[in-house]
Structures are given as C-alpha cells and as structure tokens.
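Look at the two complexes coming up: chain A is in both, with chain B in one and chain C in the other.
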Partner chain A sequence: MLATIRKPNKHKLHDWLMSYLFLLPALTFFLIFVVYPMLRGIYMSFFDYSITSFEFIGWENYVTLYHDETFHKSLINTIVLVAVAVPIVIGFSIFVAMAIYKKSEFIRSFCRGIFYLPAVTSVVSVTVVWGWIYHPNFGLLNYITNFFGMEPISWLGDPKTALMAITVILITTSVGQPIILYVASLGNIPASYIEAAQIDRASPGQIFRKIIWPLLMPTSLYVIVITTINSFQCFALIQLLTSGGPIHSTSTVMYGVYQQAFLLGNFGIASAMGVILAIIIGIISIIQFKYLGNDVEY
Partner chain B sequence: MKAISPVKMKKENDGRGRPKWFRDLSAFKIISTIILVLSGLFFLFPLYWIVTGAFKSQVVAITIPPEWFPLNPILDNWVILFNNPVWRWTFNSFFIASAEMIAVCFVSATAGFVLAKKVFPGRKLIFIALIAAMALPKQVILVPLFTMLADLGWVDTYKGLIIPAIGWPFGVFLMKQFSQTIPNELLEAAKIDGCGEIRSFFHIVLPMLKPAIGALAIFTFMLSWNDYFSQLVITRSTDMMTLPLGIATMQGEYKTDYGVMMAGAALASVPMIIIFMLFQKSFTQGITMGSIK
Partner chain C sequence: MQGSKRRFILFIAIAFVVSMFLAACSEDAGEKEKDDSTKVPASSDAKSVEITWWNFPNFQALDGEVGKYEEGIIAAFQEKNPDIKVNLEMLTFEGGPEKLNVAIATNTAPDVIYDAPGRIIDWGKKDLLAPLNDMMPEEVMSDISPALLKLSMVGEEVFMYPFNTGPFMMAVNKTLFEEIGELDLLPLDRPDRTWTVEEYEKALNAVKEKAPDIIPSGFYAKSVAGDQGTRGYITNLGGSRFLNEDYSEVAINSAAGVKGLEWVVQASRDGLVAPGAASLEAGDHNDLFLQGKMAFAINYSAVLKSLFAPNKTEDFEDVLLPYPTPDGSDPKLEPFLGGLAVFNNEDDKKVEASKKLIDFIVNDPEWGEKNLIQTGGLSARNSVTGIYEGSEYDYSELARKFITDPPTTADGYAEIRTFWFPALQEAILETKTPKEALDEFAEKANATIEKAKSAK
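So, the complex of A and B:
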C-alpha cells in the first residue's frame, strides 16, 4: 500500500529534479549576470559611488537627477525620439508589408532582405556612412538639398536638426523586424474575409480599417513595444555621431548613463538613471501585458 | 423617359462601379510600387555608398559633386586599413560571437524544452521572470554589470565579453516557443520504451529543434557581432577590441579620410550581411516565432 503511494511521488520528484537539472545552466547565468546586476544597480543608485568614494546617500542621486536640466533634456529627447520613430516605423512597415505580402516568395524575401539590411549592418558602419552623408561640406545630403535651393546645413551640428537626423537613421535600422512580423500576420488573415468584403463592395480603405487593421492589432502592439524599447536603447548612433551634442540636443537617457558612468565616473548617478529607465520600460511592458497577457501561453 | 429597365440599370451600375474600383486599385498599386522602390533604394544606398566609397581616394571622396561610381577604383584604403590590427579585431569578433552562439544555444535549448514540456513547481515564476527580463534592455544593467566585472577582474578579457551574454532570456523564450511544437506522444513513447530524460533530449528533442537552434545561432551571432555598447564598455586595450569597435576608434585618426573609413565599415558589416543572406529563412522564422502574439 505504502509503496504504491510513494512510488508516483518519487517519480514526480525525480521529474522535478530532472527539470531543474535542465534549467540549471540557463538559470545560473541568468541569476548571476542579469538578476544580480539588476539588484546591484538598485543598490548602487543609493550611493555616492565613484573611483574615489563609496558612501550611502539615500535618495540624493534621484534628487540630483530631479533637478538636473541635462537629465530633463535627455528624457525629453528620448521621448521625442520614441514619439517620432514609433508611429513612422509602424506606418511604414505596414505599408511595405501590405505591398509585398501577396507577391511571390522571391519578391517577398527580396524586399524583406532589403529593409532588414540596415539592422544587420554593424551600427558602426551605419554611423560612419551617415556621418559622411550628413557632413556639411563633403556630404551628399547638402549636395542634393542644394538643387532645391537650400543653404548647406550642418545636419548633426545644428541643435535644430541633429535629433531628427539621428531619428531618420534610427528608423532605417528599426523597420526590418516589424516588416517581417507584419508580412507573417497578414499572411495569416484568411483570404475569405477580404473576398467577402470585396463582394460587399467595401472600398480598399474600408477593408483596411475594418478588417486588416483590427486583425493586425496584436502584432502592432508587439511592434510598438519592441520599437519603443529599441528607441530607448539608442546609444551607438548618438555616441558615435554627436556625443549628445550640440548643447545636449541629442543626449538621451541611455547616452546619459554612459556619460555619467564611463566618462565622468559617477556610477551612483548612472545607476539611478538606469533604474529610472528600467521603471519606464517596465511600465511600458506592463501595459503590453495588460493588452496581450491573455495570448501568452504559460 | 422612365424607360430604363431594371436590367439595364443594373448593367450600367456594374459597368460604372467595377472599372472605377479597379482603376482606384491600380492607381494605388502604382503609387505604392513607386514608393516601395524608392524607399528600397533609400535603404540600400548607405550600403552602396560604403562599398563604393571603400575604393575612392580621399580626394575623390570629398569632391562635390560626388562621384556616384568610383571611376578610378583604388586599393590604397584597404592597405591603410590593414596597417591597423584588423586581423586581430576580426578574430576577436568571430571568436566572441562563436563562443556566445554555442553557449547560448546549448543553455537555451535545455531550458526552453523543460519550460515547454515539463510541469514542476516554480515553472510559472521562472517564465514570468524571463519575460520581464526580456523586455529589459541589457544596456540598463551595463553599469552594475561593469562594476561586477571589475570586481572579478574580468574587464578587458574574453571571459568578460562572452560569459555575461550567455544568460540571454530571449534565447530561452525562442526555444520554448519551438519546443511546444514537439508532439507529446513522441516524448511519452520514448519514456514508455525506457528512454531516460537525458537520452531522449539528445536523441529526440535536439534533432527536432534543429531548425530552431539554427535560427537562434544566427541571431546570437549577429547580436554579439553588433553589440557595440557592451564591447565599448568592457574592452580597454587595442588587442581586445572587436572589429566594429576597432573601426569606431579608427575614426579618431582618419576622421574625414572617408575611403579608409568606408573600407573599415565594409569589413565590419559584410560578413554579417553574407550570413544574413545565406540564412534569411532562419532569420525570418526566428523573428516570427520569437514574438509574443
């Protein structure tokens, strides 16, 4: 009697142990190099932490950031970057996906490839070539705008244009993945839905608004989240092209973290900025889960 | 005057409605094709400018109007480029990306499979932690990670560049998504036949996950190759630099010597572009499977 009860339990325990054995490598690396640094970052944000000092100062780093104009500027720049890039990325990638998803496999792969190319290209190569294109004297852009009677502009050197110039590059490097996702989910929309609407003489605009757009919604929400996070991370473009300048017009939170930690040696403040960024991204992810939570399988 | 028969009216309506509908559609199609082609050219252009620029002399590169195609291609830029420790950087990039790729694939495949197919206490918690971490960009934890690596003495070492990247939540998630497609019957049959967990993983699960592992491998390789921020922070000496990082630091020296910089840019991105073109299918599959939908 006892044996028959114990046996399945033992079996279960063995199963659990096996599962954890399989999980062990991933879990170890995850705990040590993701979870622990995260907690350490929160801890560090309460210290005056630099090469010369390590002193507990409570909320002071956060208070400093609260009053820091450069940080405000970085925060605003980051929001502008996200607010401009995300809608354009969504609109453009839906447009491309709509234009190619019914085409032959060859054309589809070809187009997907072209639009994914800037994402595969090393960000260093991307900045090097765009730095040249934007150059006020030797750049191609001023040569072209000259035809339209425009004065040469120092695209990356003028506070008015620098952030937009960066945004354009960011957009080219971000549309590849959304296009792939949209092509896949457009392919999943049953053709009968659209045919039925066509028989009822719905206009292309109506078909898009009433059928395609709602069915693309889950993909769109996912794209919004990944593009937002991607834009928040925008660092290399800024570090290599403008170093946050001119007069902080292109400084973002991510660049601020780098500047504080690795150029100025203020690890405490940099950690506080990292925590704030993580909270912002966390809120966005929670919103995503509120919409999409039901569709994720546990 | 009211002689129009219902039949005729219907005909007329059809005659008017149909072509208009088709006319609208084709106008839309023509415009969208034009925009598609133009934006395609726009996306291709930077790459074209890199590759052609790599064969232009400095004088030609800064001439306005620009030379759209290098009329007198030269190889000098490449000679100057290879005066820098480019081979070493290329090796570093390949070595780091390959090591990360192998480790991530192994670690993710085992964990992803278990999360998809086994029931055990703590499973849901681990999965939620994973999803949460996936949303968090790695850059956010770079500062504390750096101080940790400094404590360990791992700054400016291969260890410091490779090991922290192994615990990559996205890899586990991707493997979990793919593992769910493995039929349960297959695993149960193996169990009934007395096949142990580890054996059934290597003989049944791994072969079925092959395409997924392929996708993850390419992903990891690309992400590692292009992970500029981490490399910038963790690397110190010229010898430990990766190719993109090395090219970026060359900018200080060669500033507007665009020919040399374009040669460097081409070298830093062409290997990835070739890999991408060869394995585009896996890429696409990985991206669609790895999305939360």
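So, the complex of A and C:
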C-alpha cells in the first residue's frame, strides 16, 4: 500500500524538478535583470544615496516626496495623462478596427500599417517631427490655425496646452498595437452570433454592446492594462520635447525619476519615486483585472 | 494540486529571499570588485599603467570623426610614455553628465576628465578628485587670472587644470544691419563695443520695423542647457549679480535683477523677442540665429562661433557683442572655461600617469598650442595670446577684461540651476511677476545653498 502511494509522488517530484530545470535559464535572467533591480530599487529608496553617500535614512525619502510640490504636480500630470490617453486609445482603436475589419485585405493592411508606423518609428524621430509641427514660430499647426484667423500658439510652451499636446503624441504612438489586436479579435468573433442577433432585429448598438464588446473583453483587458502602464511610464516624449516644462506642467513621475537620478544624482529619492509609481501602477492593474477580468480566460 | 501549489509558493519565496540577500550584499561586492581591480595591474606588471580618459567633444572633430583628434594626442603621448596606456571614451554633451553621475556612484569613474568647472568643482568638494597643486608652480598660478583660478580651486587645492577659455557674450547678424542701413546702431566702432540697453532697444526696433520677417532677438527657458546665456543677459540688462560675492545667497532678486527680467518680459510683449521662449532651448535659439531668422543671439562666444560655423544655413557675418548695460558701463561676462581633472581612484600610479597626460595635453611644446587651437578657445594663461587671426578673436581677447566670477562653483549649484528655468518660464508666461518669480527662485536656491553648505 505504502509503495503504491510513494511511487507517483516520486514521479511527481521528478516532473516538478524537470519543469523547473527547463525554466531555470529564463528564470535566472528574470531574477537577475528584473527581480533583483526591482528589489534593489526598493532597498535603495531607504537610503540617502548620492554620488558620495550611501546612508540608511528610513522613510525620509518618502517623507520628502510627500512634501515636495513638484512631485505632487508630476503625479497629477501623470494621472491626467493616463486618464485622458487610455480611454481615447481604447475608443479610437475599437472605432478604427470596427471600420476596417470587414474591408478588403489591402485596405486592412494599409490602415494597420499607417497606424502602426508611429509605434515602430524611433521615438526620437517622432519627437523631431512633432517638435516642428508644434514649433511656436514656424510650426505646421500654427500655419494651419492661421487660416482660421487664430493667433500663433506656443503649443509646448504654454502650461494650458503643453500636457494636452504631449497627450496627443502619446495617443498617436499608442494606437498601433491595439488596432492590430482588435482587428484580429474581431475576425475571431463567429459571424453566426451577429447574424442571429440581426435576425432577432437587434440594433447595431445592441450587437456591439451585447455581443462584440463582451467577446472583445480578453483583448480589451490586455490593451487597457498595457496602455495604462505605458502611459504611466511616458518619459522620452517629455524629455525630448518639453523637459517637464513649462513650469512643471508636463513633468511626470518618470521624468522626475530621471531628473533626480541622472541629473541631480539623488538615486535614493529617484528610487522612492519609482517605488511609488510601481505601487500605483500595481493597484490600478489589480483594479482593472478585478472589474474587467471576471469572465476572461486566456 | 495543493502540493504543487505549495512547492511553487515555496520556490518563489526562496527566490525572493535569495534576491533580497543579493540586493543587501551587493554593496560589499562592489567594494570588493573595486579593490580587486586596483590590485590586478600592479601585480601583473609593476611598470605599466592603464588609465581611462573620458572626453566631451571639446576638440573640433578631425575629418568629421568624433574622437579621431583625441586618438592622435594619445598616440603621441604613448610614444613619449610607453609605460602608460590610455583608453579613450568620448562622451556627448547630452548624455555625458548622466553617464558620469552613474559611473561615480558605482565606483567606475574614469581617471582623466576634460570638462567645465560646474561639475569638476562639485566633485572636488566631494573629495572625488586628486589635487593638482604639484602641477601648478607659482609662475603658472600667477599667469592665470584670479577669476579663472577661483573656478579651478576649492580652498587652497587646485582640482582643475584650466586650459581654454573665452567670455560668453551675445552676437549680431551684421550683414542684416548693413542691408537695412542701420549699422550705425551697433557699437562696432567702439574698441570695447560696450553699449546701453537703450541703444540695444533702438537696434531691436530697427529690425522690427525694417525687416519684419526677421525676429529681433531670442530668449530661451526650456531647460538648464545654456543657462549661462540667460544669466549673463539678465544680470547685465539690469546691472545685478546672480549670486552675492561669497556665493552664500542669491542676488538676482534685487531691484536691478528684477529690472533686467522685467525688460525681457516687456520686450516679449513688444514683439522684440522670439515667441514661445518658454519652450525654446538654447539649441533652438541658436538655430534661429544660424538660419538667419533672428538678428541677435544671446549665447555666443569665439569658441561657439567656430563650433557653429558648419551649421550656418545662411551666409552672413556674425559679430560678437557684449551684453548691454543700463548706463553703458563695462559688462560682466561669465567665462567659458575648459580644464582637466583627475579622479582619485585610490591608485597613486594612475593619478601620476593621469597628471602626465594632462601636462602633455596642455603644455607639450608641440601639442599644447595645437590642442588649444583645436578647441577654438583662448588660452587660460594670460601670457599666451595672438594664436589666432581675425577681428573676432582679437575682440574676444580684449573682452577678457570683462570676465567675472560665474556662480557655477557655488555649493549646490547643480540643484540651483534646476530652479532657474522654471522661474524664467513663470515670468515669460506672466503667471508670476518677475519680482515674484525671482523671489521664489531665491527662496529655493538659498535653501539649497544652506543645505549644501551644512552637508559639507
């Protein structure tokens, strides 16, 4: 009796060991290049870590950030950026995907190519082009608005318009992948469901809300989570176009991390900022999974 | 199922503990590595020493290839010093400062750096550099102006061997003034070219009226880059200092400093300054000038003139001018200063070899002058003059008498400058009055100076 119980256990242990051995190479890289830097970042956030000191100061970096007005402004800007960019990216992607998924192969590929182009183009090239579009003196946008009798606007130089100008660029660089995913997902929805609904005289709105949207939920969940994380981590556009200005109106938490670590050499405060950002992203992702991922099985 | 889940959790827990252990121990590991690395060359070959030289593009690129000129210096140096091997790494002005910060924080700083006092003196104050006093005998010290020496020292210790210099000032598109027939409005007939704010205004208004397609002047406040230009411009327009004499407090929020910034704000309203200054950086401002779209540039020097020459898209004569002052008195011009420093990487042999390299770059009979010319700058030594030909270099030599002590070596300056451009943005965008913006800047900057002084 005892032998019969032990045998499968030994087998299981063997399987268990083998599977983890296969996992080991990838896991080693993951531990060294992802887990270790992450934990090291948390560890560093409790230190006064500059180019000459490394001294334990407990929660002081977090207390400094709690009282730092620029950090508060960066946090608010980041949240505004995410709150505006993510719904527009989702809505626009679904709109474009719905418009093109039934079209001919050529039109579909053409549209996918157009919208995916900013995603594969170097962010530096993209910002150079947008820099010229928004240029206060010789920009394309001011040239166009001039036809409507508008005064030239310093799009990136006015606190009222700068963050929205950055958001527009972020949206254009973010819609490519969701469109491709949505087009693929829409193609996988069985036509019979929609035909059956049409026979039952369901309106297009009802078909979208009751059939298409629920069936797109696995894709939507992925797109929402990834777009949210990417928007939270928006950095290159800001660094290259506005350097966080004017008057900190486009400064984000990620830009603050860069500024503190690499420009001022305050690695401890930068790590604390990174930890706070990671916690916020983690909480929002959990909420998204909880409310959007109930029926989703990948 | 339950068992495998438990094993998985156990596995993750072990991985977490191991990673935490690694994280906590890595500091010691870093120290150990550093100790080992310094020991290896000594034991392998007692005579030879290998040093690393990190260089910004201070020398004009040879044949358009960055680092090629520096390789030539190294080859000549190694020929004379076969026991020293020099490894070169070129930095960019954009990413270099960040790379240096990270290298210092991770104990991988280079041995030799050719940079400006702003960073070098900050490192000197933090005991990261080897003093160079033994390289600077009395006759060398007395041949360098006190303002430049102040920029190279911390207390009695010399941390930067000053090499090339030149005053920062402004420039005008002379050809444009010839075309609109208003050359008389520029102070070019005066030997020292000094002029008043009123005369400057007249020149700007002449451009506005007679060449409406050209922007009269520029200003920029997007980032810290080129902040010596905005500092020099405002302090001279109002007749103020940026920091007080002993660098213990901000002085730009004085009545004179406020007047200077108010002038810029008013000139922006009057259409005498390029619109969108809050989102323009020094490079954008220079581009407007080099493209012939702007009459005056506020951040220029003999060095920049030669560096910018290939970027000119219009054929015009760019002429150096000092900043105007309220009463036409002598302006106070911040100097550009380049110099070399040695990081103290706790290896005397490397420090000695690094000093030899610096001495070769600056003082070698064959290479010293050649290197200076390659930078496009004037010599930091008063006795070395007349190495260039041309009126603008002559004027630059003459303008050395206007050189003042810049605030770049003040305690906490790296942080102070991050408050400067948001203050300018507030004033230009008129979200605050110039007085409010400068007072707020002074409050933050003074707190930083105090914090940096108490941390010493």
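We take it that the second predicted complex is superposed on the first by the 264 of 298 C-alpha atoms of A that agree within 3 Å, B and C clash if a C-alpha of one lies under 4 Å from a C-alpha of the other, contacts with A are read in each partner's own complex, and residues count from 1 in each chain.
Assume a contact is a pair of C-beta atoms (placed from the backbone, for glycine too) under 8 Å apart; a residue touches a chain by one contact, two chains touch by 3 or more.
It should be emphasised that the depicted structure is a prediction, and the values quoted were computed from it without experimental measurement.
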Which superposed partner A:52 touches (first chain B, second chain C, both, neither): second
Partner chain in contact with A:213 - chain B first, chain C second, else both or neither: neither
Chain B versus chain C as contact partner of A:159, first or second or both or neither: second
Chain B versus chain C as contact partner of A:263, first or second or both or neither: second
Contacts of A:136 with chain B and chain C, given as first, second, both or neither: second
Which of chain B and chain C A:66 touches, first, second, both or neither: neither
If touched residues of chain A are counted for chain B and for chain C, the larger one: B
First (chain B), second (chain C), both or neither touched by A:246: second
Shared chain A contacts, counted only where both chain B and chain C touch the same residue: 16, 20, 27, 31, 35-36, 40, 49, 135, 137-138, 261-262, 267
Chain A partner contacts - residues on chain B that touch it in the complex: 17, 21, 24-25, 28, 32-33, 35-36, 39-40, 42-44, 46-47, 49-50, 53, 61-62, 64-66, 106-108, 110-111, 113-115, 118, 120-121, 123-124, 126-127, 129-133, 135-137, 139-148, 163-167, 169, 172, 180, 197, 201, 222, 225-226, 228-229, 232-233, 243-245, 247-248, 251, 256, 258, 261-262, 264-266, 268-269, 272-273, 276-277, 280-281, 283-284, 287-288, 291-293
Interface residues, chain C side, partner chain A - complex: 3-4, 7, 11, 15-16, 18-20, 22-24, 26-27, 97-98, 101-102, 104-105, 126-128, 215, 221-224, 274-281, 288, 293, 414-415, 418, 421-422, 425-426, 429, 431
Complex contact set, residues of chain A against chain B: 15-16, 18-20, 22-23, 25-38, 40-41, 44, 49, 92, 95-96, 98-100, 109, 111-118, 120-130, 132-133, 135, 137-138, 140, 143, 172, 177, 180-181, 184-185, 201, 203-204, 218-219, 222, 225, 229, 232-233, 235-236, 239-240, 254, 257-258, 261-262, 267, 270-271, 274, 277-278, 281-282, 284-285, 288, 292, 295-298
Residues of chain A that touch chain C when the two form their complex: 12, 16, 20, 27, 31, 35-36, 39-40, 43, 49-52, 54, 135-138, 152, 154-159, 162, 242-243, 245-248, 259, 261-265, 267
